[in-house]
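What follows is subunit A paired twice: with subunit B in the first complex and subunit C in the second.
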Partner chain A sequence: MNPLMKFGVIMIIALELTFIKSVTINLIVIAVSAVLYLILHLRWRQWLWLCLLPVLPGLGSWFSLMYFGTGDHVHMAWVMLSRVYAYLWLGGLFTLKLNDERDIFLATLEQRAHLSPTFVYALVGVLNFMPAVNQQIKTIRVAAQMRGMTLHIWEPQLYFKAILSAIRWSQSLAEGMVSHGFTEGAQRTHLEAVTIKRLDWVIAIIALIAFQLLLLPHWY
Partner chain B sequence: MQTVSDSKRRHWALRDVLLLAFVAVFIGFIFWVLGPVYNVLAAALTPMGLAPFANDLLLGGWMMAAPLASILIRQAGAGLLGELFAAAVEMLLGGQWGVATLLSGLVQGIASEAGFAVLAYKDWHWRGIFSSAVTGAVITFIWSLFRDGYASYHIGLLVALFLTRFVSLLFFGGVLVVAIQKLIEKAGVLRRD
Partner chain C sequence: MTELVVQQVNFAYNDATVLRDVSLTMQPGSLNLLVGPSGSGKSTLLKLLAGLYPTFSGGKLTGQLTLDGYEIHDIVPFQRVAHIGYLFQNPTRQFVMKTPFEELRFSLENLQVAPEDMTSRIEDALTRVGMRDFMWHDLMTLSGGEKQKVALAAVLAADSHYLLLDEPFANVDPTSRLQLIQLIKAYQQSGKTILIADHDWSGYTDVIDDVFVMADGGLHTASTAEKTTILSQLPTQPAVHTTQPDAVIGDVVLDQVTLTNGDRPLLSKTSLTIPNAKRTLITGPNGVGKSTLFSALVKLYPYGGQILYQNQSLTKRRIAQHVRDVALVFQNAEQQFVAMTMAEELAQAQQMSRFPELWTSAVLDDVLTRLNLAHVRDHIVYQLSGGQQKKLQVLLMLMTGTPVLLFDEPLAGLDSVSQAHLLAIIAEITTQQAQTVVMISHQLHAVTDWFDYHLQFEDQALTFRGDAS
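After this line comes the complex of A and B, so read on.
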């Protein structure tokens, strides 16, 4: 399925989950995601990630609602615990495959969703810089430590230096892109045209309708 | 020295988009480095049922990308885009909230942007920054009533959580951003044309 279509369906369902107070619905979302993961053949590390990551925020909400809730708070505690899992398991369908599908996702954004190429290619450029950004932050902190300063998060110096790097790099990248022929606002041709299959639309619509039908009985 | 486009232009220039994306990624990473600190704090507070305080205490930090993007680019929509970029980074790094991170990023971006919007995008200094911190705290709190189940808490805890969030935003999104802006202006690294 086209990653942008998948993304759209996931975002709509996630938005609805925010307002639905139902453990059952959350569990159904988790179960359907789990079935899809079985088809996708995840590595055991990814399974572990899916199971462990939501534990902390989930239990955090659960304990708070148990201790300090009012009204139907015991129910709400379970809703929150299952909701955190539902968000991550649902989102994982998109994010875990994103490494393979990133190029086609961005190409779809540009060609089919008609997002300005400036944004799409800026995103491509900056995403490739992510490891360098991580390194740069370490460098900034180590450089300060060598002068006997520890840059904590509440110190403006840390952000100032990060912004200086951002300014320098954004300028270099902009120059690099322009010198490689990127022209703002120009009509682009595409080596590989992205098409969205009719089947993708059908699957997306069925998934969304099925989810709405699930909500109809008002069992939550 | 970076030249930033004049805010009166409606078109988004490549260099502005890149600058705002880089700022968002840097902020995303700075708070990613702190992830373990947050987790330890949250884990320590969890058995007492006070874990939401960890979240509200650091929220201002997560949201810093928005006011920083606004004061650097000085264009309507910069804060929203900056926060969306930052949320996308957090999601890609494997944030605990999965896709909900992007939804929250959208809400946080709008919340921060609203502060500059009520001043008609005329003030990019301390008034605008503090106004964005206030709208940021209020609007995201309404969102939390739904998403984080805050609506089911005792009123006492709700007030305490809101105050925590408000102080966090006033500090990270207000005091700190004003200080950063002073440093940038003193260094003279930005020019507007």
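After this line comes the complex of A and C, so read on.
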């Protein structure tokens, strides 16, 4: 499924979840996500993240509602806990695949959603630069150590150098883009035109309708 | 044929004049050389011609700088690039995308090339520069020279009438350099006009039509006599005179060391000792792993086997402690600055020096004058020209006085006078401070008699070259 479509469906369902106070619905969302993850073949490390990441915010809201809440607070405590998991597992369907689908996602944003190419390619540049950031910080520290200065992580000098290199880099990115003919607001051609398959639309509509049907019995 | 007009161009930042009354006429279909000392304004002129300045620099531009009657910097980039191609001095950060193929695709999409022609144009351009096999490699893992070839491919694919190159071979080994020159020559023969700013014109002396000389922001066309003098200044095949080391004593020892870049092997099991208090040159083709070897020696890059310093394994040495004994003079000078102005940097280095008694104010004044840096002492280090930054960085690292100093291309981008001064100062000071010098350099004509030993890095091996001693 096209990642932008997936993103849209997930956003709509997540938005609806915000207004639904039902543990059952949340559990169903988690269960459906789990089935999809099984099909996607996650690595064990990703499973671990999915289980551990929501623990802190989930238990945080559970405890505060359970012990300090008023009104229907016991029910709400369970709703909040399950909701945090539902959000994360639902969102994971998009984010965990994003590494593989990044290029097509950005291309869809540019070609189908008509987002400004300046924004899209600046994002591409930044994402390509990310792996270099850690190495850069390390290099900055070592380069200063060679001059007899140790830059600790609380020292503003380190951040000054990091920001400076980020500014330099963004300038050269802009110059590089322009020198390769990039023009703000101009037409571009596309080697591969992104099309959203009809099947994607069908799956998206079925998913959304199924979710609405789930809400019909008003069991929440 | 499009017409590029440069008449009485002046350019200044605030009150600092960079270009003074510059006029330039190039014969259609010619190959031209732009020469001049570091910091004389060559890069600025090229970036103005490419339309990148003043948009990206600020500053005030007056005079006529037009393409077919239109102000160059007013032409929208996708139309301008179709007429004027530009190759950056620093190959590392001019790319937007992850791989060479994507980068060229990005460029051709900007130029609104029809999708059906795109793949063949990309493959053709990458084949011409010999980078076809690297089409899907991560650009970040390519060497400086390989990146420069990809950048050239992007320009070739755009097929512009004018090609501007700013020190395109500064980080390129002699073999790749000759290949690139052949490519540029072939491009010229298809009717294009080319302007190259370079300090080292060995290898293309016979194909240059006009030489433009830049000095203090002014430009003139060299007369026939002047051109002959300039072009004859360099031997075409520099021979480096060194001897074979015997019974080497050294603190830095490689024991069965291996290096890889991704899945590409760079160095297969190598054992050797770096001679103490001597000057050793490392040469080898682009991408062979010279800079990577230096990174490994300062613990910034993983390696196999053992690297020892004074019989202690690097794995057992904390990086902060290690780099006080083995320091690297980075290719990018800015990385090594720790203060704002040159005066502050010098004060810091004086304070941190292992030999504070050597670095009196009088000595410092003398060295700064010899390096032609005395007049910019109060300037912000980040606003110095590339050449000035490099000279300052080398000086600061010499002042620190680390026992082993690794220099990664310290001469790239410097004019021959600056190179000679810098080498003399490095030799003087490292002898006084009994330092071990290891240097990567492609500027062989400048160092023919400067080194004691010569390590050739080729075919995944490091071998000492030179006559028997």
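The criterion applied here is as follows: the second predicted complex is superposed on the first by the 181 of 220 C-alpha atoms of A that agree within 3 Å, B and C clash if a C-alpha of one lies under 4 Å from a C-alpha of the other, contacts with A are read in each partner's own complex, and residues count from 1 in each chain.
Note that a contact is a pair of C-beta atoms (placed from the backbone, for glycine too) under 8 Å apart; a residue touches a chain by one contact, two chains touch by 3 or more.
Only a predicted model underlies this, so the values are computations on that prediction, with no experimental measurement involved.
Judged by the touch definition given at the top, the superposed model places A:A207 against neither subunit B nor subunit C. Look at A:S64: by the touch rule set out above, it reaches subunit B but stays clear of subunit C.
Looking at the shared chain after the overlay, A:H73 reaches subunit B, while subunit C stays out of its contact range. In the superposed model, A:M177 lies in contact with both subunit B and subunit C.
Within the superposed three-chain model, A:R188 lies in touch with subunit C and out of touch with subunit B [touch as defined at top]. In the overlay built on the shared chain, the residue A:G125 is in contact with subunit B and with subunit C. Shared-chain residue A:I153: touches subunit B; no touch with subunit C. Using the contact criterion defined above for the overlaid structures, shared-chain residue A:W169 touches subunit B and also reaches subunit C. When subunit B and subunit C are set side by side, the one touching more residues of subunit A is B. In the superposition on chain A, the residues of subunit A touched by subunit B in one structure and by subunit C in the other are 125, 157, 164-165, 168-169, 171, 173-174, 177-178, 182.
On subunit C, the positions that touch subunit A within their shared complex are 50-52, 55-56, 76-78, 80-82, 86, 88, 90, 93-98, 103, 105-115, 118-119, 140, 154, 158, 298-300, 319-320, 323-324, 327-328, 330, 334-336, 338, 348-349, 352, 382, 396-397, 400, 402. For subunit A in complex with subunit C, the residues that touch the partner chain are 121, 124-125, 128, 131-132, 138-140, 142-150, 157, 164-165, 168-169, 171-183, 186-193.
Residues 10-11, 14-15, 18-19, 49, 53-54, 56-57, 59-61, 63-73, 76-77, 79-80, 83-84, 87-92, 94-95, 98, 116, 118-119, 122-123, 125-127, 129-130, 133-134, 136-137, 153-154, 156-160, 162-171, 173-174, 177-178, 182, 184-185 of subunit A are the ones that touch subunit B when the two sit in their complex. Contact residues of subunit B toward subunit A in the complex are 2, 11-15, 17-19, 21-23, 25-27, 29-34, 39, 42-43, 45-52, 54-55, 61, 64, 68, 72, 85, 89, 91-92, 94, 96-103, 146-149, 152-155, 157, 171-172, 176, 179-180, 182-184, 187, 189-190.
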